[in-house]
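Listed after this line are the structures, all set down as structure tokens.
Paired with chain B in one complex and with chain C in the other, chain A is shared by the two complexes that follow.
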Partner chain A sequence: MNARLQSAGLLRHAVLVTFAAIVLFPFLWIVMAAFKTQIDLLMGRVFFQPNLTGFVDVIFDKTSDFGRNFMNSMIVGVGSTVLVLVVATLAAFSLYRLQWPGWVLHSLLGWSVIFHMVPPITLAGAWYTMMRSVGLDNTYTGLILAHATLNLPMALWMMGVFIRDVPKELVEAAQIDGANVPNILWNVVLPIVRPGIAATSILTFVFSWNEFPVALVLTQRQTATVPLGIGKYAQENTIAFTEMAAASTLSIVPALILLVFAQKLIVRGLVSGAVK
Partner chain B sequence: MATVSLRGVNKSFGRHKVIKDISLDVEEGEFVVLIGPSGCGKSTLLRMIAGLETITTGELLIDGKRMNDVPPRERGISMVFQSYALYPHMTSEKNMSFSLRIAGVSEKERTQKVQHAADILGLSSYLERLPRQLSGGQRQRVAMGRAIVREPSVFLFDEPLSNLDAKLRVKMRAELKELHQKLKTTTIYVTHDQVEAMTLADRIVVLRDGVIEQMGAPLDLYDAPANAFVGTFLGSPSMNLFDGEIRQGEPDAVYLPDGQHFTLSQRSEHRGQVQVGIRPENLKLVAQPDPNTITAEVVVVEPTGSITEIVLRKGERDFTITSSERLNLRAGETVSLVADANAIKVFKPDDRILLNESA
Partner chain C sequence: MSADRFWRHATLWPAILLFVALTILPLANLFALSFNDVEWVNRTPVWNWVGASNYQKLPDDNLLRAGLLNTVIFAVAAVAIQMLIGFVLALLTTQITRGRGFYRTIFILPILVPGIIIGAIWKLMYSYDFGVLNQVLHVFGLSALDWLGSPNLALLSVIIVDVWHWTPFCFLLLLAGLESLPDDIFEADRIDGATGWQILRDITLPLMMPAIIVTFVFRMILAFKVFDEIYLLTGGGPGTATEVISFTIYRRFFTEDQSGYGAAMSIAVIAIIAAMIIVATRATAGRGSKV
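And then the complex of A and B:
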């Protein structure tokens, strides 16, 4: 009996380890590649002398745009996240708490799912023409608007779930206490859904950070974002693998920092929500 | 303090009518309890008074002023919710002073009012705590404190004690009554617990299916229920009902299916099938059977200390009597009972109308 339990435990762990390896291996491979020389990499050496030339090239080389890409991604990521959060929160509050007829709620949410299923690349061409005609191509504003549009459906759904979970009685109690709608939103609903806002922000930011096809169409060198910067290491004749890997490794850092902070917030939110 | 009047009030959700033509006048300082089984519309009615539900037709007047289209915050009411609905991210103090802050009351006055409410409710040492750091009873008090600081002219309570355990409920019930005696604010209180209704109310309004079945002082309703529904709803253990028949030529007796009968204190005008309602305390055990007694089999004996409840079976019907004596009865034993003729209620079988009111 005991032995059977043990072997079941072993099997379970084996499965978990396998999955962890499948998930982590590419990541590990990229990070390792960033510390290899091009020759080590192309020879497929497992053991190698770590060196920083890839990072040095990406960060300090005069011809490298990576610093600017990083900055651009930050501006676009933060800008589109703020825009998405403001719109999604207000929309979700309105949809779920201001007594719209059911068909308004459902058709809006349904439409947003359909929109979310459309591959971004199909929109990119049209957006390019539109942005050009209003002079917003190759600007932060243009890309911020595009990313906000792409991420709004998901944010709307997420904020909808969080706001729907705020007990109705709290809103009613605030109404009786004399609060008007902006008051209720600001003083009662927003403080309660803070963990939800954090989670939604992070996802929105990360999606914007990683978005490639639309950024490719709407930006040029001055406004190019990190994924484009990484892509640029693959040229027609040569692929600068180590630089590419180094840039990829660096690009993970902001998301990692965000996750560390957010985890605390999200866990705290779960705990306070558990108490009635 | 204010009066509250409902004039022919109706409420429909789509085609479903939940409140049907209710009229009710609550006097200044009165404590009115709305009671009824779940789904009878009592909470909906309260929420309509609060302004959380619209009134489909009819009029709501508070202090003589029409309030149908006035937002909740301008009705001069406070409400305590079943779930307390405390703002989870605010301390007790902030919860209680929220309405004052929104109204732009100065900080000094706010502190004063919150402190006053906290003194009344014994909350002074919990003001800095968050709701999740408080016990159920304390949360309940904070919810009441939040209602008090606004100095409303009407208090509305929606089953405020139902989330507390039995012991705490009794304690908070007494505190609520004391609070009302102190503040003398007009109060409308919703509950499904008849003990709460009996102990707290100046006047009880019994609702069923969106209609007022009866209203009046607790003991008046207890002694003279308008129909079998009110009779069985108030009182614990509840009133016993027996099917019987008033025969031609014997207007002062109700015959049970097995031929035994209850004697009435006055003649009934009605003939034919009836229901007889007798409260548990009005059925007494007697040692010797005689033509005026009925017999029944003992099913369960439940001593509670001060009184003993005995569940008996007659035919296929179980009924309950209470006795303050300590009895030595065994299950299966057959006993004889006599009913207090003055306390017997006779209802028409459809339970709507009391036939002879013998109080």
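And then the complex of A and C:
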């Protein structure tokens, strides 16, 4: 009996290890490709002399936009995350703890569900025409506003989940003691929802970092983000495979760092956004 | 008291303003645009009223028809496979005690990586001349496949990428669902002599239904928005083999600069999605009242 259980456990591990290998393999392959020369890559050589030209070209070559793309993605990612977190935290607190009538709560959440389901490209056209007429196309502000709006539904649900964990009695007691709303938010609510803010921030930053179609529509060369840079490599007539692999490898680094340092928060965020 | 009232409004209005300025106004703008043709003169759009003619063109648009059909095939096939594999793997993982954190770390990685990079990675792996997949086929003595260039294979190739990309997400959500089920139900049944299959069919699946539906809905929403991977892998081709709806809108609106027609298409797609939401809510609500 025990031996049978053990072998069943081994089989399970074997299945999972195989799956993990399938998930990991493409990443390992692209990192390897980044260290190959174009010739090694085109010849499909499995053994090769590791080579840094791809990385050097991507980072230091004067014609490469990658450094600028990286900066732009950071600015837009951080900017839109700060904006959406402030807006969503205030709104979630307001909706769940400041006695709004039910229809306000339902219409706001209902609208965010509908908006979340609509492909961003359908609105991107209107964003482009509207922003172009007020001079916000090809600016950080324009893309920050767009990304913050795209992430607002998710941030609203996630912060809602965490703010509902703040006991109503605590807020009411503070109100009776004469604390005003900013005081309550800062001293009572924020300390409790700090993990929620961290989890939501990580996901909104990642989604802004990854977002492609809206950035494609709203930016030009000066404000283009990392995904646009990668997309450009693939569109040139003779694809620079080594550079594309090196740039892809570098673009995964932020996700890897977050994964190593904030794995628990990310899981909590993904699951709370989906399951509750 | 009036201070409270002020703060009540001050905390909610930023969200309302953002929604109004960037979702409701653009929708109204899009709707108005859809009855016009637009020309750009010195950064100013010049609108020419064309009535409903943009909408009348929609049913005859072959690209749109291909885009809708491919999006449905893509979403249904990819999500069904992901859910199935994800569920089986989650079942296997709940029964092991060691190494859950390890597997979890690996399975989160694809979720965090930009879709466009997933596309870049697979474009290299799918390459006819030097891609690793054809190398593997070669080792087994099989002839190389034109994964992205063959009209019959391209959509399947794109579905494979999506399955690889999102199965881990299904796995994580379904695992979270399984872990929240009470252990003692399973114990009691096992003592009663129920087989593994019976437990799965009579207990696990019904209890897991909410988590399964949530995961399914989340994935379907994302699958209908698919754009990045296809932009990089095939650009919708060869021909219209991998044309999806987001791509059709992008093409009409931006590449071909037909803003008015693109707007009509956007409004039509939004209407279709709204109709699907209503039907889906009705269907689940009907089922809920029966149970």
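Criterion: the second predicted complex is superposed on the first by the 256 of 276 C-alpha atoms of A that agree within 3 Å, B and C clash if a C-alpha of one lies under 4 Å from a C-alpha of the other, contacts with A are read in each partner's own complex, and residues count from 1 in each chain.
Note that in this section a residue touches a chain if its C-beta (ideal position, glycine included) is under 8 Å from a C-beta of that chain, and two chains touch if they have at least 3 such contacts.
Note that the coordinates shown come from a computational prediction; the quantities given were computed from them, not determined experimentally.
**Student:** Overlay done on chain A, so just call it for chain B and chain C: clash or fit.
**Tutor:** Taken together on chain A, chain C would fit alongside chain B, as the superposition shows.
**Student:** Applying the touch criterion given at the start, work out whether A:136 contacts chain B, chain C, both or neither, answering first, second, both or neither.
**Tutor:** In the superposition, A:136 touches no partner, neither chain B nor chain C.
**Student:** Determine, under the contact definition given at the top, whether A:167 touches first (chain B), second (chain C), both, or neither.
**Tutor:** In the superposition, A:167 contacts chain B only.
**Student:** On the A-aligned overlay, A:34 touches which partner chain: chain B = first, chain C = second, or both, or neither?
**Tutor:** neither
**Student:** With the two complexes superposed on chain A, say which partner A:125 touches: chain B (first), chain C (second), both, or neither.
**Tutor:** Once the two structures are laid over each other on A, A:125 reaches chain C alone.
**Student:** Going by the contact rule set out at the top, does A:44 touch chain B (first), chain C (second), both, or neither?
**Tutor:** Second partner only, chain C.
**Student:** Kindly classify A:179 by the partners it touches after superposition: chain B alone (first), chain C alone (second), both, or neither?
**Tutor:** first
**Student:** Between chain B and chain C, whom does A:188 touch in the aligned arrangement: first, second, both, or neither?
**Tutor:** Touch partner of A:188: chain B, not chain C.
**Student:** Identify which of chain B and chain C touches the larger number of residues of chain A.
**Tutor:** Counted on chain A, the partner with more touching residues turns out to be C.
**Student:** First (chain B), second (chain C), both or neither: which does A:98 touch?
**Tutor:** The answer is second: A:98 touches chain C but not chain B.
**Student:** Look across chain B and chain C in the superposition and give the shortest C-alpha distance you find, in Å.
**Tutor:** When the complexes share the chain A frame, the smallest chain B-chain C C-alpha distance is 7 Å.
**Student:** Could you list which residues of chain A make contact with chain B in one structure and with chain C in the other?
**Tutor:** Shared contact residues on chain A: 175, 180, 275.
**Student:** In their complex, what parts of chain B are in touch with chain A?
**Tutor:** It comes out as residues 50-52, 71-73, 77-79, 81-83, 85-89, 98-99, 102-103, 131-132, 146, 150.
**Student:** So in the complex, the part of chain A that touches chain C is made up of which residues?
**Tutor:** Chain A reaches chain C through residues 9, 12-13, 15-16, 19-20, 22-24, 26-27, 29-30, 33, 41-44, 86-88, 90-91, 93-95, 98-100, 104, 108, 111-130, 132-133, 145-146, 148-149, 152, 156, 175, 180-182, 185, 206, 209-210, 212-213, 216-217, 226-227, 230-231, 233-234, 241, 244-245, 248, 251-252, 255-256, 258-259, 263, 266-267, 270-271, 274-275.
**Student:** Where on chain C does chain A make contact in their complex?
**Tutor:** 3-4, 7-8, 10-12, 14-16, 18-19, 21-23, 25-27, 29-30, 33, 38, 43-45, 89, 92-93, 95-96, 99, 101, 103-125, 129-130, 132, 135, 164, 168-169, 172-173, 176-177, 180, 211, 214-215, 218, 221, 224-225, 227-228, 231-232, 245-246, 249-250, 253-254, 259, 262-263, 266-267, 269-270, 273-274, 277
**Student:** Considering the complex alone, what residue numbers of chain A touch chain B?
**Tutor:** Spelled out, the residues of chain A in touch with chain B are 167, 169-170, 172-180, 183, 187-188, 191-192, 272, 275-276.
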